[in-house]
């Protein structure tokens, strides 16, 4: 049993609370992404699980045993550091072999594993270099190889792919997932890339100012964000505020919007979130939710075109359209938007 | 600070034309090195060259005795084979002193870096270096007080175990090494401290997360990364120790005969500078050879 | 009037504050000192600092060398009235003169022989150094010439020119089980003796007087039957001395009975070369008892050594020390 | 672990201070020969107060050591910059040349200096003493600061230059503050080397101008009194006080506004 | 004039060539993104422009003067390092003020600029901390602020936003662009985020193994990649190989595909690239290009659904569909794909 549990963990640096009452469980063999704004405490949480920091309060459990007071090397944890922390005096191969040796794997066996790990991160042939002779992304991959090669029961990865280009990142994701599945590693993965989080993970956890605001499987977290923060942080959202009126929401400009979410009673204030890609520019009368707006900016982003719009009463809106035929609509045009009640989510503020 | 003014004069958005042709690198390198090596040349190299010339003479060329060129001074080790033994003993003395300093000093530096912070650390560091500021001779004499029969050490022992014998080690090689370790330990602590203090905590944490216990961290991470400090410390200890004469004379009693004392005797008593000089230069050659081999080995290891 | 610079061991008679005060009051000459810590250093300083020194204290054995190198100038004994009563044997010491011209005023003499802790059996001969009674209780002077001299005396040879150096070496080596330490300074000797580290030692006559009188150490100076190793220190005037007149005046002062008595009784001194000065000491004075002028007739006095012999002596002592250290 | 480390440090300090404590104690012992049993007395301190030459020698030592520390640290650090941060031919030879001053016994160096200074007309005196002391201290500085250099990341200097620093300014504003433990240590060593240096001083001092170690060394032949212990104690306690006060009030590692 | 020109620049580390014959120009006031796989030489190129590395060959010009031999501090360049290189002994505020001081801006004036810069990177109030007391992303922002605050004539940014979450990254992008436009800084920007590159830049340059393979404005580079590498590296692509036949391309399975690209003569081998988002699942008979394929995997990536497909003869294909209505199609279904000749680009291999 190598699930990881944290119970009411709190940590303060001086007067600054960094983590507040974190309680959650990372199931055995699961892959959890940790997302959160810069400075929200992701690294700190990983470091507490690894045992580099003692929490001020709370308990960390690995398997069924309380490891809060077990030193790092007793936890069988693999950690990849945001700053890489490669051993500068060792070659790449020696760096990767370090953890193997600690586990009694030496000589030919170790060499083979090291070669395989370096191949996995596409660095075969770099084994004899020193870390400082590598580029940033290459160093990051060495750090990843070093953490993975020991196949620990719990793997903590702190932004392991941030310095890699998209293609390489995708390859690494595939490899990572393969190893994780094969060895059944309980993996906690910090990332800033929402696509990465959504495609890789069994669970996504969203951290905000030292608290976990939502944790769940990717589709649920993305499609049904619980709070405005979650809706905004993972992906983009349009927010519409209004009052509940007969099971629908009346906006301040009078437009009535329907939502499939459970709504509070009549007259209550409510905020609705609609993902920009759920909105449609093509006038389709079938949809019950409609708004008219003027296009202020078109942002070209490759496969997707982002439209920034404004309703006549000044509400800013965002809309994504697949870039299939280029910029069909121009800035300044007024268009009609529509979307389905299914995608109209009521969120907490 | 000509350069500084130039940089200050630089305004936003323009490339200052005056700094476009900087001095070639060798000029500034020379400027940096010249004072030191010029100084050393006048104060050390030229005088020592004189001595080197003397070492090829049959007698000290200061008197009226006619001097002639000879290599016999460099044959001393063959003509007086007991010198070989003294030389070997001196090297061993240097070796043990350096080894003890390395172990004690490195661990002290580790303890300083890992077990103390901020002001405590700085104060401790200064406290470690301060004994250095007392006169060496006085310190060595104080050691005789501690180590001799019925000295402080015996006294303390007798306070605990009233009728224990004497544990005096004065006038033994142990006493000499003890005195030398005491005299040279701060070098090692400081150089190791300097090398250790900048090691990023994350590197040690990384090692720990890969399963390394403290001893593995010590010999796989800290020692190799502090190698520059250990090496400088060893240079600063080993070299002077094999030529030392004060500690052996005072603490060693009849066993305190070293290359240092032999050379000193040549200068103060025998008035045989050529021999004294040739012995010193032989010593220097041995030292350089040892370090050349040693650094070769080290380089070979890090490269592999 | 004026100033003179004296080159000497530190704390060796010429730099006593009270004496300098009296001297300056009397003559108006002020005295500055520079010190040496070995005789070869003294010669080096003389050679490399022409015009710096007016008076130098040198051992008879070194004097000849200095004279040969023209480092000293002849002494005008007429300017040193106290020299009239200097002991004849000393004045006639060939090391102090060349071609009948005196180059140094004999100043003090002393002996290097044995010192024994009071209450311990008194040694009759230098052979006692190797006697099992003193196992681990002997201190040797770390000085090649003295030790070879003692080895020569032990084996019945001429101290200044022993023919059988091998025998000397053996004699010295035979002391090994007894040797506890080799001392090189009087201070070290005193501290070790006070700490009861040894009983028998090769030591200086003047030193033993100082130790007994000033430091109240239970020490007794013994001259065994082979005789002591004697030495004489003289006062020379460097050839380049800027103020030889003043130097002569100071030399005269240094062998003056008035100065000597005060020095010997207050501080402890070797024997003055001036018989008059020595005789004006109180009869019960320790220094006077130790420095019996009779010894002047019996002991051999260290004389100048040719370079090769000095080197040979030195090699003997180095070899013996290496043997001790094993 | 942390406790063990602290305990070990205390043990090391005990070891380092054992002879120092003895030295201090003997300064208050009646016997001039360090004899036990201990009898308390302040006679050596009283004697010291009236021993002008010793006090003066003490002052001279401190002055020379201070000047030596400043000059040697400056020159040595400069050389260290070149040896650590530049590549040029003959570098390893220059590095090897630092060893002779340490390896050749001081006695020989001192004798050689005396002769050479005589021949070359440099002569003796305070200037000669300084020349000698600085030369002996420089290798210590270069080695210690060089060790420090190996641990300062080069990209910080690059960053400073990208922000408009000249190499000189980058050195003073970035490298120097980071090197500060090494440079401070080197200066302390240079100071100690000079303060303890008697052989060379002995050869190069002129009559009437001596330093404390020379006094001690030349006194030892006839016997040095615990006045030496007294002045050593005062010197040590004095420097300790100065440094500790300095450490308390100077904010360590703070390099705000160095201009 | 502060355009930057590099001419035939080459750099070798030992036996390894890192940059080979790079020649290009970065126009005054323009914003250029540099993209390339990890280890392709991006950082090296920046460091050569900044003057930290002397090229083995070639010339660097800033404005109209050859600066190849001008030292770093004489170039008026601001650089942000991939490793941040914050001064560890200075507070955040001191770090940011460093460059200002070198330009003679001190006291109150400097304080104001520093405050403004910290506000821009959302770190107001962190001025008195030391770098080691910040999280990874916070450190990165300090490095960015430090490089920007001096408003140099040329700004070199090495992955300045890689450690930031999407939201913050977008904010930073906006700020960056604002400052760049206002001050007319010639900016060269290394990034691994294609969306970032496409949305921010005036020009995109693609580096491969030490060579610039394509440089141009974002739309051109994305829509009309010149080489297979460029098509694959910036965004995704489907590649179809075939022989030219009467102005169209016949694939090995016999399907004929039309392209608007200029094609070589009859019988020549040609590779066509089609972006996954340009393909449509909905059967629309109007399009001349069609293929039938089976869906092997559906990847959920938030606003976009990626379909991995296979044609009956084993050709792998990729298709992006806007996630408007969730997974409409399931794995295993066989669908028909269509796309327009306009989006069928002939590329070099």
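Here the chain labels run A, B, C, D and E in written order, and each chain numbers its own residues starting at 1.
Here is the rule we use: a contact is a pair of C-beta atoms (placed from the backbone, for glycine too) under 8 Å apart; a residue touches a chain by one contact, two chains touch by 3 or more.
Quick caveat, the model's predicted, so the values are computed rather than measured.
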### Task
Determine the set of chains touching subunit A that also touch subunit C.
B
### Task
Find out how few touching-chain steps suffice to connect subunit B with subunit C.
1
### Message
For the interfaces A-B and B-D, which has the higher count of C-beta pairs in contact?
### Response
B-D
#### Entry: subunit A-subunit E separation of Cα centroids, rounded to whole Å
22
### Message
On a C-alpha centroid basis, what's the spacing between subunit C and subunit E, in Å?
### Response
91
### Whole-Å gap between the CA centroids of subunit A and subunit D
57
### Task
Note the residues in subunit A that touch 2 or more other chains, in rising order.
83
#### Entry: Touching two or more other chains - residues of subunit B
7, 10, 62, 141, 150-151, 267-268
### Message
Going by the contact rule already set, what residues in subunit C reach two or more other chains?
### Response
37, 41, 44, 47, 188, 191, 195
### Query
Which residues of subunit B touch subunit D in their complex?
1, 3-4, 6-7, 10, 25-26, 28-29, 32-33, 35-37, 39-40, 42-48, 50-51, 62, 104, 107-108, 110-112, 114-116, 118-119, 122-143, 145-146, 150-152, 155, 182, 185-187, 189-191, 193-195, 197-199, 214, 228-229, 232, 235-236, 239-240, 243-245, 260, 263-264, 267-268, 273, 276-277, 280-281, 283-284, 287-288, 291
#### Entry: Footprint of subunit D on subunit E - complex, ascending
50, 52, 71-73, 76-79, 81, 83, 85-90, 94, 98-99, 102-103, 146-147, 150
### Message
Which residues of subunit E touch subunit A once you look at their complex with the stated criterion?
### Response
13, 35-39, 42-43, 82-83, 133-138, 140-141, 158-159, 162-169, 192-195, 198-199, 218-219, 222-223, 232-236, 275-278, 280, 299-304, 320-326, 340
## Note on the structure
Listed in rising order, the residues of subunit C that touch subunit B in the complex are 37-41, 43-44, 47, 65, 68-69, 140, 142-145, 176, 179-182, 184, 188, 191-192, 195-197, 307, 310-311, 313-315, 317-319, 321-326
### Message
Could you list, by residue number, the parts of subunit D that touch subunit E in their complex?
### Response
153, 155-156, 158-167, 169-170, 173-174, 177-178, 253, 255-256
